[in-house]
Amino acid sequence: MRAAYRAVRSHTERLAAPLSAEDQVIQSMPDASPTKWHRAHTTWFFEQFLLEPHAPGYRRFDDRFPFLFNSYYVAAGPRHARPRRGMVTRPDVATVGAYRVHVDAAVDALLADEAALPREIATIVEIGLNHEQQHQELLLTDILHAFSENPCLPAYDPDWRWCAAARAPGTVMIPEGIHTVGHQGGGFAYDNESPAHRVLVGPVAIARGLVTNDDWLAFMRDGGYDNAALWLSDGFAAVQAEGWRAPGHWREQDGGWHVMTLGGLVPVDRAAPVCHVSYYEAEAFARWSGRHLPSEFEWEVAARSGELADAFGVVWQWTRSAYAPYPAYRAADGALGEYNGKFMVNQMVLRGSSLATPPGHARATYRNFFPPSARWQFTGVRLASFPA
Amino acid sequence: MRAAYRAVRSHTERLAAPLSAEDQVIQSMPDASPTKWHRAHTTWFFEQFLLEPHAPGYRRFDDRFPFLFNSYYVAAGPRHARPRRGMVTRPDVATVGAYRVHVDAAVDALLADEAALPREIATIVEIGLNHEQQHQELLLTDILHAFSENPCLPAYDPDWRWCAAARAPGTVMIPEGIHTVGHQGGGFAYDNESPAHRVLVGPVAIARGLVTNDDWLAFMRDGGYDNAALWLSDGFAAVQAEGWRAPGHWREQDGGWHVMTLGGLVPVDRAAPVCHVSYYEAEAFARWSGRHLPSEFEWEVAARSGELADAFGVVWQWTRSAYAPYPAYRAADGALGEYNGKFMVNQMVLRGSSLATPPGHARATYRNFFPPSARWQFTGVRLASFPA
Amino acid sequence: MRAAYRAVRSHTERLAAPLSAEDQVIQSMPDASPTKWHRAHTTWFFEQFLLEPHAPGYRRFDDRFPFLFNSYYVAAGPRHARPRRGMVTRPDVATVGAYRVHVDAAVDALLADEAALPREIATIVEIGLNHEQQHQELLLTDILHAFSENPCLPAYDPDWRWCAAARAPGTVMIPEGIHTVGHQGGGFAYDNESPAHRVLVGPVAIARGLVTNDDWLAFMRDGGYDNAALWLSDGFAAVQAEGWRAPGHWREQDGGWHVMTLGGLVPVDRAAPVCHVSYYEAEAFARWSGRHLPSEFEWEVAARSGELADAFGVVWQWTRSAYAPYPAYRAADGALGEYNGKFMVNQMVLRGSSLATPPGHARATYRNFFPPSARWQFTGVRLASFPA
Amino acid sequence: MRAAYRAVRSHTERLAAPLSAEDQVIQSMPDASPTKWHRAHTTWFFEQFLLEPHAPGYRRFDDRFPFLFNSYYVAAGPRHARPRRGMVTRPDVATVGAYRVHVDAAVDALLADEAALPREIATIVEIGLNHEQQHQELLLTDILHAFSENPCLPAYDPDWRWCAAARAPGTVMIPEGIHTVGHQGGGFAYDNESPAHRVLVGPVAIARGLVTNDDWLAFMRDGGYDNAALWLSDGFAAVQAEGWRAPGHWREQDGGWHVMTLGGLVPVDRAAPVCHVSYYEAEAFARWSGRHLPSEFEWEVAARSGELADAFGVVWQWTRSAYAPYPAYRAADGALGEYNGKFMVNQMVLRGSSLATPPGHARATYRNFFPPSARWQFTGVRLASFPA
């Protein structure tokens, strides 16, 4: 557990390393957070839920930090308004680094005698590390958004490259049958993956491969963004209000489409999976294709079959399932009960994982969720169809 | 069919009869429509989809009306902006009455030889009548909203009274089992009730009776509206932004709670079912009760058992199901395909029917839907619980 | 005074006569008011400030009316929110008519023995009549705005016609000199016209005639609405936010410019004075012309010279003067002190009067005022220039 | 001129020196700008208007900088949106420092032979230096605003102290008379101070001293912020919308009023002049005092008398004059003509200067201007009264 702790924590620092103090302090929109805030918030998480209650004699690094770095845990006390996170130039980046060192030392000491650790502590460390891994992905999506707002379009990593989508034609057929979905057995899972429960799934065919930029360009050429008949009403309203003509981070320039990436602005790679599309766009694209998006359970059953290509590690895949509690779900008491449950409305479930998801953080039961208009995550499309 | 046509059409006129020309012209919020508009729009529906394509020699009553009275059918041509419906003082109420007479005469003539009618025409008449019945309910909810914005709080019908909730303790137990949900067999249903399909439901217990105002007052006394831990995050944001302290149309006055009704302002009746609550409130109340809201399929199975009290005709009942297409659902081509499908996001399903739903318009497979913040409809709560 | 009272009051009713109950109830934007409200508010003014304090035994027509029909007099008690004035379908138009009759009878009785009337009463009657005359003009501008929001573009008076601008070339030269501006001597004036005071005016040349539609079309052809260099920064922001391409109520149709008037939509008359332009547009036009707008005192001195054409009765003329108190101005105590003083910021002064101004309501010292973006009044342009 | 250039430029760097890279990059509201932006924009000003047209062989430091650091000069080309200035983490602070060095070297070379310089160049240098001085004041007001948004309330300079107001009872009496106002004679002035022209001023009495915090606390205790009768209508709307209960940057804490300053949060000093009040508040305070605000010309004449205390160097003083062009004012052609003229609406004139105004940047004819709701500048109040 100490090794896992050190590995996750140092990965965050590696991700932040290419970023200057200036890069780390700004907030480019209310939904995104500064790098510095991600680094401090994940640290506060351990201080608040692990060290304060369980490490005798622990001294808080700074009494102002709970207010500054609590995100949305009402039960953990008052907190800085989310849209103002970019105002915190002080404490500076160096102090946040020192905060991390301070907390890491205390956690390391607490975990020294792993055999003697109560189960409760192991549970908190485990959720804290998974929590930090989520923020590792957000750190990347948020800095990409910030850099896309800079007219100079800087690169986070000049060597960063898109992977091509796997060539995986055909579909996985799922006949009608009862399956148990959700988390069971060992290993970590969030509370929103439980209780595991039985559902009737299928018959449905799930595409083995992801939708590519080439597919998407065909949709665009066919007037996809202009044809109201293809869209949900709220979706077309977003198209018009936001002026969407292409996926997020795409820019037409010098006669061709480019995309802002962690490697800076590059020409759109036709063979790569489409990315930075909202649920609205995914759904319209599916209708234009004469197909559908899979439900989250259809996806889960198909993923378990082992026959999907690019299920993990490329782009999150929108499902047609609204984010909702599993039957008999009840959030835990206390602040950690706010982790997932209170967001179960007005969002859609995504399954799989993306190239920005840290290693070890993906599984078939994982439920990611974003509002249907969100485009700044690494979000793509896998199609489904129903047998006639 | 002629008789059905006449019955539905004249019911609309009876509902509008207590309202003056001034009452009928205003629009109290973008989501509500003027009475006059409801009367004209339902008439345009028959003119546009029945008479124009199928009644040889039919002459439109007024060439400006398609623009004025199309609601949201993009494929049926351009239309007046929804939030500006209250600007149409001319054509006046009398002209709209004449429009109804004109269209009714043409439809009556078209339907004269019922035996000879093509199936297509019967289908359009049927959907047109069901469409008008939906607007009959909206006519009442919208005028109630308009009157609630008038400081004089006028009564639509001074004799209008709330019914008490049925005394129906206990629950209906649904063991785990596969059920076919959605519309099958004869009779009219909307496309969103199809395709019928098999789902696994249960085990779950559904309350036989509705939540009452008495129950709700206990929630309020217990600080329900102040306790963030009971709410979805978006829900508590709505509570704070809108200043919700009680259900919609409630007002504290002279030391007690009153509610604005179609009969004017009256004291809250503790035995009556709670009404005008949003999904957010319903969901928070369920959590406070240690229970849940039923899914739409749990509700449908329970309703078919015949053991629910007040399933129909009192208040619509929020379910925990987001409004989504049934598997393999595909909207019809053309303008009528816009009827339901394009709204299948960002809304929650309600089941049953309300005291404002016209006779004959309710069934166990009916899917009503509103955004989770909506409070101006006749919306209430039925609880569910999962066996331990 | 009785005769004056009867004349003004009956003129309001004549102006409202062509309007149906539906026309009279709606509010087309927060800045405009329903006709019915104008009729009731001007009546409340006499009830509140004349009858209640000065008519022994007077009984209010309806105790709810002070709340409904007070406009902005904080000291006169709470009032209905301005943007909700269009929600008041009840009391209906007939009841408002009865309210007018009730108050008129009481005022008539109070004024019966004119010789015995205290000066205070005469003062209130006088301000009440002038107040009602202001609302007579607003009644017309507001219904024109409402009708312009109706896709059918109804005519208030099908026989209504624009007058041509007077042919009045040349300028009135005002050499430098001290003048007394503001109200002095007899006759009614608002408090904002006082105290009369001495100012240094000139040298300046004021155009004898008004800017015409012909002039304005030249400005448009020259790209006036596209050239940021001609505009105040806030003005060009308004051009872009509102999409202004021509004066208010203008519409391009069938290959030519038309304008929505009290007589319905008619082709733009090139010889007529330009109307429905904002201060921003007037100011940009003046810059494009190589000239300026006059100050309010330059206008006043020029108007007194008797050499201006169309000074009154055609269009209000924007000045370059912000609306501010005259030196040593102090508003009266009590509610009537709120009449003018509290609006003396963020508005520009207009001088003259318009074709919608009732007879007898114009004078050289009159100060009208609107925000620089307002276009729904009868507002036009007179130019000035400074000798080199 | 070289010495002046070096002095002004190095003063900017001294002001920025206490600020970290993180402090310098953020933008706390659309009206404020990052420190780094101020440093770069003032440099661009010399590059754009001096070096590019007049320094043969000058090479731009970076071709992207004109887009990034042009503020609002439409004629100088496209520019980054003002509210996004805080997104520019790269170029970093060090690069902006290098930009300053690069431009300074080129200017220094250009000015080497001062005797040979054409008048045009001297003019541009002069306006560039005055421009930079304006930004020196904004740099301080903007960083104070940014720090006030940080829950840690950092100090820009821990040793910073408010000065007490001068003890200067009594008034300066100005009898009626014609005065020439505006800039004449030698020395630099902005175009908005011209043409000098004759106006009639007085009789009026101008307070010798400024309104103090002690005076303001009396206004607060008397319910000033709750009494609508004291306020302009727009002003009271701002009080309610913004929740104003005290001047800007004031906070009630530990039972007493504190104020956020460049030295951090300190108790309000009763003897100090009130600061960070809007025009709306200044105007309401004047009414409550039974007095008025001076006009800008009254202030100018009084200031020239030499009898005012704290006319300069403490707080800017709101006048009752809206910001408008002087008679016959015409902005210069080209981009520099946008400097002042296009802002002459919707703002009020302030006279004097503040403790944040750099030395040598104040004069009796100087016209500062801000919208009536602005509170983040160093703005205070001097009263006037009219003889009975």
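List of remarks:
The chains carry the letters A, B, C and D, assigned in the order they are written, with residues numbered from 1 in each.
Just so it is clear, a contact is a pair of C-beta atoms (placed from the backbone, for glycine too) under 8 Å apart; a residue touches a chain by one contact, two chains touch by 3 or more.
Computed from a predicted model, the values in this text were never measured in an experiment.
Looking at subunit C and subunit D, no chain is in contact with each of them. Using the contact threshold fixed earlier, the set of chains in contact with both subunit B and subunit C is empty.
Computed from the mean C-alpha positions, the centre of subunit A lies at a distance of 36 Å from the centre of subunit B.
Subunit D has its Cα centroid 45 Å from the Cα centroid of subunit A.
Per-chain Cα centroids separate subunit A from subunit C by 57 Å.
Residues of subunit B in contact with two or more other chains: none. Contact annotation for chain pairs lists A-B, A-D, B-C, C-D, with touch applied as defined. Of all residues in subunit B, only 20-26, 28, 64, 67-68, 80, 84, 86-93, 146, 149-152, 154 touch subunit C in the complex they form.
Contacts from subunit C toward subunit D in the complex involve residues 72, 74-75, 176, 178, 198-200, 204, 228-229, 231-235, 279-280, 283, 292, 295, 320-322, 324-325, 327-328, 337-338, 342-346, 348, 372, 386.
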